[in-house]
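In the two assemblies presented below, chain A is common to both, partnered first by chain B and then by chain C.
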Partner chain A sequence: MIHARNLAKSFRRRRALGGLSFSVPEGSAYALIGPNGAGKSTTIRILMNILEADSGSAEILGVDSRRISPRQLAQIGYVSEYQFFPPGLTVADYLAYLRPFYPTWDRDLETSLVRDLHLPLDRFISELSHGMRMKAALAFALPFRPRLLILDEPLSGLDALVRDEFLARLLEQAGEMTILVSSHELTEIEGLATHVGFIDEGRLLFEESMSDLAARFREVHVTLDREASPPGSAPAEWLNLRTMGNVVMFVDSRFSEDRLRSGIAALPGGVRSVDARPMSLRSIFTALAISTRDAAERRI
Partner chain B sequence: MFLCHIANVTPLRFELRPGEPIFDQLVFAAKRAIVGGDFEPGRPFPSVRSLAADLKIHPNTVHKVIQHLIQEKLLEPRPGIGTVVAEPPAARAREQKRLLQKEAEQLVIEARRVGLALPDVLREIETQWVRIEKQWEVIRK
Partner chain C sequence: MLWHIVRKDWKLLRHTILLVAFCNALVRILALAFGPFDDVRSRALATALSMIDPAAIIATAVLIVLIVQTDPIPDGSQDWLVRPIRRRDLLLAKAASVALFAQAPIFLFEAAECLANGFPLGASIAAPLGRSLYMFFALDLPVLALATLMHGLRRVIGAAFLCFLAYTIIWATIAQTDPLAIATRRLWLDTAAQLLWAAAAAAGILAFQYFRRRTTRARLAFAAGLLCWMALEFLPWRPLFAFEESLSRRPAAAESIHVAFDPSAGRLPHTGHGREAVHFNSGGAKNPGGAKRDIGIALPVRFPGLADTELLVPDHIAVRLTSPAGETVYDGVTTLGIQSADQRPYEFVWIPEPTYNRVKDQPLRLDLDYSLTLIQPDAEITLPVAAGDRWIPGFARCVTRFSAPDNYLDLACLAPGQLPPATLFLEKPDGRQISAHSEIERSNYAPFLARVSGDSITRMSANWGEAAAGDRIIIRPYTAAAHFTRYLTIPEIRLGEWRPQ
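Presenting the complex of A and B:
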């Protein structure tokens, strides 16, 4: 659905993207996760042909992003916190303005969106609160049943009630489209995502489906029958290895029961118990961030 | 049940807890709701669509959870309806025991951590047992 290859982009002397590649499978909800300034918005603007990359290319709905035509745009919904809306229009005005551009516009769906999101049709878009404006942006992007929906930091700054309304309406249609969503906040996006790509300093650290990630990461505590000391060598897939009292703790990044068992058998001392727990996206991300940082510090 | 559908609110008590994958949390919440009698055997289980909107979880993920529950024989697929809650099986003992071992271990660890003695724990288990049994009786009547 989206394939980006080696995208690079600099603003004056600051490098925003340094060779970013990633792929969004059809039907997925792909969360592009990274800290502020990682290059998420730049990436999305290149995909939407709002910005041009210095080098590299991106394909979106089978077309080079630099050659997106109205035909593709009529199948792409776009919701961004920095979105521009023509001034002097009410919510109703703008809906009326949008309808003719989209052959697939569904009036009943539009009505139900306006109702479920509690949008004030007669208010000027420029006068809406941030939360209301994000809900309006969603109501502008869904009635034509887009094949692809791109959301740039959709949930930042939304209060809990608005966020729930936004997500509920989005998820009702999530099964019929592909979603690319950027966020710096992991937890809020975890339920929405089926795939995740971590980006930092303009590069992709890794991308994977949520179910594969959940299957391959375990937080492991091994309790020994004596005071644990850091083992001389440990499997490379054991991240953030540390010891405390009788316990050896690490994050297994390539979990399988057999591999773990044989790895643990090699530890010095008798094993009293082993606890291997599945991890949330946030703890996986934290573990990877720590291990990347430690590896960088070791190189210095 | 019907009221639930109209209000688009499923009786799955589900609060995202940090530290666990969503899939596992959702499977657990569903099992608790089914075993706890929130859903009667033979009655429809909420659809993927309504669960997704209600729990704020992507429908693909919800779909996987439902497939998992079908595999575990807690739900049954019914053409035209979706899925229905399966009759509580007589023989699923080994699997049940395996499931229980982990839960029991967890309970013992937590109990010891907060300084409870074995009789306290047993009493609490009995209370919960009786409470849930009563819920089941109401359903069967």
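Presenting the complex of A and C:
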């Protein structure tokens, strides 16, 4: 559905993307995650042909993103926290404006979206709060049943109630389409995403399915029979290794029981207990972000 | 989808559109109230009009910017970018919105003004339509192009101000350096070239922005286009006039006309007035010498072959003085008033004082390169002084009135579109003709009305004192029959001998 190959983009001297490659399989809900400034929004803007990459290429719905035409755009829903709608139109006016551009526009779906999202049709877009505007953006992006839905930080700045409404409505239609979502709100999108790509400094660190990711990462606490000291060498897949009293803590990024057991056996001192817990997407993201940052600091 | 986008723009901007239309309507109503005569009441209205008219033009330009800014190009957060809207449709919709919401009201109000002035329906549509088309290409399209380069009205206004400032500075610098280079350019061809360039460059930038969204490059292209547009003011005279010559209606009519140096006329006596007062009756060009330390020499010339009824308009006169050694002592341009067969004009050449002092007693070769236009009279129009208000087919609506207490006769003529060059006379019963000012000076032979401000009506007025009921007004319209060049070479001349005494 989406294939990006070696995308590079700089803004003056600042490099935003440095050879980013990733793929979004059809039918998946792909979460593009990464710290602020990692290049998520730039990537999405290149995919939508809003920005042009300095090098590399991207394919979206089988078409080079630089040649994306109204035919493809009629199948793509796009929601962004930065999206700008005509402020002088009401929600109803703008829905009426958009309808003729989409042959697949579903008036019943539009009505149900407006109802479920509690959108005031007669309110000017300029008068909508941020949360209401994001819900309106969703209502403007879904009624034509897009094959691909692209969400750029859709939950940013939304309160809990609006988030729930937004996600609930999104999940209702999620099965019909491929979704690419960039977000910081990892807890919320965890229930939505089937695949995840982690980018930092404009490069993809990894991408895989959520099930593989969940199976691969474990938060490990090893309790020793004496005061723990940081081991001289530890497996590379152990991230954020630290000690506290008798406990050695780390994130195992390639979890398998056998490998973990052999790794722990190399720790100095007797092992009293091992606790390897599955991690949430947020915890995995945090662990990766810290690890990446530490690695960068070590390089400096 | 084009009209769907236009309808959306109407919905977003309808209040502004109506306000701008009201401004333009007000201008036309004031112009109508202005009436045909240039009297005190009209002057008060003219002052009001002179303030509101530019305001209406600026308001129209702002409206054009707003039409573009409902779907701005450079801003990557605009929703239209991710919608299945054909760029071509969007571009055409913007052009259509400008034509409908900005230009069409101007056209309609002007057509109404023409009809209210008693012009025939055809002329009342044709003249405003011609000017509206001119405005669309000369003003609307360039503003449309500029508006695609920025996001936000304030930025566009800032950019427009910078463009205006750059234009003014460059223009003022050139005018200071060589005023005659500007003053003698009455040719409409450079205006036409600028119009074509502005329309083509604007169309290019619009296409570039709407189809490619390369704002930085488009801005550079706009700046380069603006400089080229200004450079078109200084197209070389020769090829332009050669083109003008090729458009002559009756080129053979000028074949017998020559220019000759006539030393028998003697040296021009000094009148004691300024240099311009001595001779320059053209009204158009001021001599650069007026403000500098230049010395004028006055050369008697004649134009044999010019028929009694014909007039000759010197459009451009290039002057070159060469020393016997082949050194160019002076290279410039000069002017001369409109010539008739009975005139014995003196051709003034202004030389910088140091140069004059250095060469005044030397024998020099003088070359004068004339670009001339022969204008021939059409059928005269005769009006009784008490004609009142009447439409003269093919010419204009003309109104006469007597003003008490001195029995002054006022004549005012209003024409849809261009008014042909004309001279106006009051003919007494005994055949004496008293002339009023000539309208020939304002003629520029342009086949279109190149006017952004004002309207599509050309006005002309004249007055005579002590007119009597039996007098007649004679209007003599002219047609530019031939554009041609003539050379005058004086192989040996001493400047000192031709300085006015």
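Everything below uses one rule, namely that the second predicted complex is superposed on the first by the 292 of 300 C-alpha atoms of A that agree within 3 Å, B and C clash if a C-alpha of one lies under 4 Å from a C-alpha of the other, contacts with A are read in each partner's own complex, and residues count from 1 in each chain.
Throughout what follows, a contact is a pair of C-beta atoms (placed from the backbone, for glycine too) under 8 Å apart; a residue touches a chain by one contact, two chains touch by 3 or more.
It should be emphasised that the depicted structure is a prediction, and the values quoted were computed from it without experimental measurement.
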| item | value |
| --- | --- |
| Which of chain B and chain C A:240 touches, first, second, both or neither | neither |
| Partner chain in contact with A:223 - chain B first, chain C second, else both or neither | neither |
| First, second, both or neither for A:174, with chain B first and chain C second | first |
| Touched partner set for A:45, first chain B, second chain C, both or neither | second |
| Partner chain(s) touched by A:71 [first = chain B, second = chain C, both, neither] | second |
| Which superposed partner A:286 touches (first chain B, second chain C, both, neither) | neither |
| Which superposed partner A:80 touches (first chain B, second chain C, both, neither) | second |
| Common interface residues of chain A - those touching chain B in one complex and chain C in the other | none |
| Residues on chain C engaged by chain A in the complex (per definition of touch) | 1, 4, 8, 11-13, 70, 75-79, 81-86 |
| Complex contact set, residues of chain A against chain C | 45, 48-51, 70-71, 73-74, 76, 78, 80, 82-86, 88-89, 93, 97-98, 100-102, 140 |
| For the chain B and chain A complex, residues of the former touching the latter | 16, 18-24, 48-49, 52-61, 64 |
| Residues on chain A engaged by chain B in the complex (per definition of touch) | 27-29, 164, 167-169, 171-172, 174-175, 187, 190-194, 210-211, 214, 277-283 |
